[in-house]
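In what follows, chain A forms one complex with chain B and a second complex with chain C.
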Partner chain A sequence: MESKSFPGTVDSLDALREYIGELSQQAGLAKKPTYSLKLAVDEIATNIILYGYQEPGIEADFQVLSEIKDDKLVVILEDIAAPFDPLAKELPNAQDLTLSLEERGIGGLGIFLTINGVDEFSYEYADGKNRNKFVMKIAAT
Partner chain B sequence: MKVTITDQEEITVVEVSGDIDSKTAPEFERNAKLAMDKSKHIVIDLTDVGFMSSAGLRVLLMVYRNIRSQEGKVVLVGVSEEIQDVMSTTGFINFFTIVEKPEDGVAFLKQD
Partner chain C sequence: MAFQIESLIQDQVATFTLHGELDSLSARVFQTEIEKIANQPIDSLVLDLEDLNFMSSAGLRVLIYSKQKIGPKLSIYIVRPQELIVDTLTKTGLQHSVTIVDQYPV
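Presenting the complex of A and B:
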């Protein structure tokens, strides 16, 4: 697996999206799935940076591990913040998403977009690290 | 990301260029509030925005609520296909008027 480190601040988000763009290009992902993956990784990285690191005052990097295998691009975000399972949060359901913008809550939209945008999303906590895994299928050409 | 605000008679145009993420969304929000203090008819030009995360959607939600409570109107201009997809998945798209060019936005707001 390839690995790249980013400082845990919002200043890293630009470079992170650019890096995900490069990986997507290497994998031969089309424009739309590339955007979806960038968005998914940006949303999860934002949570790690703001709530995992900044809120408790931790200064640390997070890692992007990646691999192009068979017909898949696998990206893993690894951080050393307190265990946080994004999937444990209650997501907006179909009905919430039709509510008028005056009525609805805004929580969980980022994670909703993450899960919705990638082919597979999973989370595990192992060896003192949060591991958020994103999988994109590469369409046969 | 860069934001510029211009007044066209009763209408205020907020032009954003660059990516809207959790780093830049506060600056977008500050400018959107500034624009809404000036006018209740707002055009938000996103022609040069290539990326918008949920942090940007939050600002749009704030704008929508604020404008509604003032009985004003907001139009979005030049929203990329990818951002429209995101607005569509989250149900945001139904609440906004989206046009292609700034002049279409101004014309829409001048209708009434």
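Presenting the complex of A and C:
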């Protein structure tokens, strides 16, 4: 697996999306799945940075592991913050998504977009690390 | 790409032109601009997104914040958004709360 480190601050998000763009290009992903993957990784990385690192005052990097295997692009975000399973959070349901802006709560949309945008999303906590895994299928050309 | 925002307030219409990428860092800048107009008699918020290439949920939250802060009578117009941003608005159901247009005034 390829690995790259980013400082755990919101200033890293721009470079992170650019890197995800490069990986997607290497994998031959089309424009729309590339955007969806960038969005998904950005959303999870934002949660890691703001709530995993900044809120408790942890200064640390997070890692992006990646590989292209069996017609799939696999990207894993790894961080050393406290265990946090994004899938354990309640997502907005169909009814929430019909609410007007005045009635909306502001949480949950990022994780909803993450799960909605990638082919597979999974989470595990192992060896003191959160591992958020994103899988995109590479369409045959 | 670096985020940039330009604002113009005229005749109760606040127009913001956004360039680059709107993530949780740049959303703070966008929110600050909205806060500046929150106490003014604005009835329409016009967001020109033609040059905006990326918008995360942090950007969506500023849209929600705008309506909640400025008031329920505020009309939000989104001018020439890119297809993938329209996708995000559609998936999250926010396209029902904004008007997507090719130009403003409509």
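Criterion: the second predicted complex is superposed on the first by the 141 of 141 C-alpha atoms of A that agree within 3 Å, B and C clash if a C-alpha of one lies under 4 Å from a C-alpha of the other, contacts with A are read in each partner's own complex, and residues count from 1 in each chain.
Simple rule for what comes next: a contact is a pair of C-beta atoms (placed from the backbone, for glycine too) under 8 Å apart; a residue touches a chain by one contact, two chains touch by 3 or more.
Predicted model only: the values in this text are computed from it and were never measured.
Peer 1: For the three-chain model obtained by superposing on chain A, do chain B and chain C clash or fit?
Peer 2: With chain A as the common anchor, chain B and chain C collide in the superposed model.
Peer 1: By the touch definition at the top of the document, which applies to A:1: first (chain B), second (chain C), both, or neither?
Peer 2: Neither partner.
Peer 1: Go through the superposed model and pick first if A:87 touches only chain B, second if only chain C, both, or neither.
Peer 2: neither
Peer 1: Could you say whether A:30 touches chain B, chain C, both of them, or neither, answering first, second, both or neither?
Peer 2: Touch partners of A:30: none, neither chain B nor chain C.
Peer 1: A:112 contacts which: chain B (first), chain C (second), both, neither?
Peer 2: Touch status of A:112: both partners.
Peer 1: For A:14, using the defined touch cut-off, is the partner it touches chain B, chain C, both, or neither? Pick first, second, both or neither.
Peer 2: both
Peer 1: Does the superposition put A:139 against chain B (first), chain C (second), both, or neither?
Peer 2: Once the two structures are laid over each other on A, A:139 reaches no partner at all.
Peer 1: Residue by residue on chain A, keep only those touching chain B in one complex and chain C in the other, then list them.
Peer 2: 10-11, 13-14, 17, 31-32, 35, 38-39, 42-43, 46, 49-50, 97-102, 106, 109-110, 112-113, 116
Peer 1: If we count contacts the way the header does, which residues on chain A are in touch with chain B in the complex?
Peer 2: Those in contact with chain B are residues 10-11, 13-14, 17, 31-32, 35, 38-39, 42-43, 46, 49-50, 97-102, 106, 109-110, 112-113, 116.
Peer 1: Would you mind writing out the residues of chain B in touch with chain A in their complex?
Peer 2: Result: residues 19, 21-23, 51, 53-55, 57-58, 61, 64-65, 68, 81-82, 85-86, 89-92, 95 of chain B touch chain A.
Peer 1: Any idea which chain C residues touch chain A in the complex?
Peer 2: Against chain A, chain C makes touches at 1-2, 21, 23-25, 54, 56-58, 60-61, 63-68, 72, 76, 84, 87-88, 91-94, 96-98.
Peer 1: Spell out the residues on chain A that touch chain C in their complex, using ranges where they run on.
Peer 2: 10-11, 13-14, 17, 31-32, 35, 38-39, 42-43, 46, 49-50, 92, 97-102, 104, 106, 109-110, 112-113, 116
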